[in-house]
Amino acid sequence: MSRPALEVRPIVAADEPEWRRLWTAYLTFYGTKVPEPVYASTFARLLGDEPFDPGGLLAVLDGRPVGLVHYLFHRHCSRIENVCYLQDLFADQDLRGQGIGRALIEAVYRVAEDAGCPTVYWMTQEFNYAGRMLYDRVGEKTPFIKYQRPAG
Amino acid sequence: MSRPALEVRPIVAADEPEWRRLWTAYLTFYGTKVPEPVYASTFARLLGDEPFDPGGLLAVLDGRPVGLVHYLFHRHCSRIENVCYLQDLFADQDLRGQGIGRALIEAVYRVAEDAGCPTVYWMTQEFNYAGRMLYDRVGEKTPFIKYQRPAG
Amino acid sequence: MSRPALEVRPIVAADEPEWRRLWTAYLTFYGTKVPEPVYASTFARLLGDEPFDPGGLLAVLDGRPVGLVHYLFHRHCSRIENVCYLQDLFADQDLRGQGIGRALIEAVYRVAEDAGCPTVYWMTQEFNYAGRMLYDRVGEKTPFIKYQRPAG
Amino acid sequence: MSRPALEVRPIVAADEPEWRRLWTAYLTFYGTKVPEPVYASTFARLLGDEPFDPGGLLAVLDGRPVGLVHYLFHRHCSRIENVCYLQDLFADQDLRGQGIGRALIEAVYRVAEDAGCPTVYWMTQEFNYAGRMLYDRVGEKTPFIKYQRPAG
């Protein structure tokens, strides 16, 4: 008996239905939703090759998409090369603890490394305990917290 | 007797010496430094008009540069428009408490608004007490904390 | 088929071996240990009735001790009545998620209520994710953080 | 010209009016108040010698009370000796930055040391920036955060 094969690969056009399912689950988990034009715009950007548009990877377990990650590169004033911002990360909730999240993060590390941008970062809510259990193992907490312009 | 005039305006080529002085003071405050090619690259990007390159503003008090801010726009998977990341903010330390930091942040709010990107955010160290006294008034704390890929 | 009976009751003298086992597991979990005189002193205090000495409760599942909690009362300058500080909380790690921690905390709430001291608080490490998953449900996070005199 | 003499000494009965003024200012700073019986009870406890009742110190500058601290000892299950909980700390707001807070904290360190209880701790709101500027110098932040029983 072998362990089920977990593969991480770039999102392609044919993945749209499964990508939509996984990203909707991600958004629902965070209590948010996006309108249809954002699905269309983001999916097109994920498939394109504009250097500042987001890229995306799917985690596929035994042929079935079970997780996704979105990332993008942006400038950094203290560096010549870009940095990589890992933005959305999701694994099917009934498959947690099987290494899907870790595989996706490590795949982004490799994509960024290959792009000459070794710095990868992400943000998470302080009380995302399940996520942080993983992030403490695969990444490191920084002392930085996020402020934003007030709404309205 | 009138209050000294505080102006915030885009950085121009002739500002290089004062920009260098202020940004070096900023970097020193955070215990870091950057090599000469980063000064050259970042200043060129600040002056150019590539849409994903950083922009910069100077705060000028009675004709003298006393503060700066760098910002950039990047994609966001949940939006069609970009978001604005306010990256570096500095005011001369002997002029703190005179509204320079607030004027710079509010100027970035207007730049982002004019660019059709109302979302502006920044990150700060949890223990940056002096900064947070200002940020709590002009912005709002989010529950997001930053993780990063471990060095090495 | 009935659910196994979970009982919470005060620690008594005959519980010493099981109390020692559970408290040692608690201390080990936090990477610490205490010398033998502390075991003796604390156990004697738990059994006594000095009003400012700690009290202790055991969680017993089908007759077997599976968790413990220590608590104490202390003065508070803004109140006439004491407040209750819930200090040590532990459940056997192979029995997590069965309501033992919650039952122990709620039992301390009742002990404090019966003593006329409705205020109960505790402290936990920011990164005690498993604990905080429970604490967010049975208690509420405050904005207070702990400082201490530096060692040595 | 000599620097004004800052003295820290135990609160005595004749200090009641100034103690009341300073403690009320402290409570007001935190947006709270206490009823008259709490003033009476707490002041009596501060003057008494019950071992688990709070003690208090006044900071006196040129003969004038300008700050106060309350502290108490309580049991700790992992120690035979008590620990010292520094509860209320206040300095007149127009005299901040003159070392009053530091002198009061260090005086509590000495009181605790003399009582054979070297451990001293306190809690502060995460966003008490002015306080934390001092606490980071005279104490050390721990990773502990406070939870409490929900009201009502």
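Letters A, B, C and D mark the chains in the order given here, with residues in each chain numbered from 1 onward.
Heads up, the rule we're going with is that a residue touches a chain if its C-beta (ideal position, glycine included) is under 8 Å from a C-beta of that chain, and two chains touch if they have at least 3 such contacts.
These are the chains along with the protein names UniProt gives them: A, B, C, D = GNAT family N-acetyltransferase.
It should be emphasised that the depicted structure is a prediction, and the values quoted were computed from it without experimental measurement.
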| item | value |
| --- | --- |
| Third chains touching both subunit D and subunit B | none |
| From subunit B, the most remote chain by mean C-alpha position | C |
| Separation of mean Cα positions, subunit B and subunit A [Å, integer] | 27 |
| Whole-Å gap between the CA centroids of subunit A and subunit D | 48 |
| Touching two or more other chains - residue numbers and ranges from subunit D | 127 |
| Arrangement of touching chains [line / ring / star / complete / other] | ring |
| Touching pairs among all chains present in the structure | A-B, A-C, B-D, C-D |
| Contacting residues of subunit C [partner subunit D, same complex] | 27, 32, 34, 37-38, 41-42, 45, 52-54, 70, 72, 74-80, 85, 87-88, 109, 112, 118-127, 135, 139-150 |
| Complex interface listing, subunit B residues touching subunit D | 127, 129-130, 132-133, 136 |
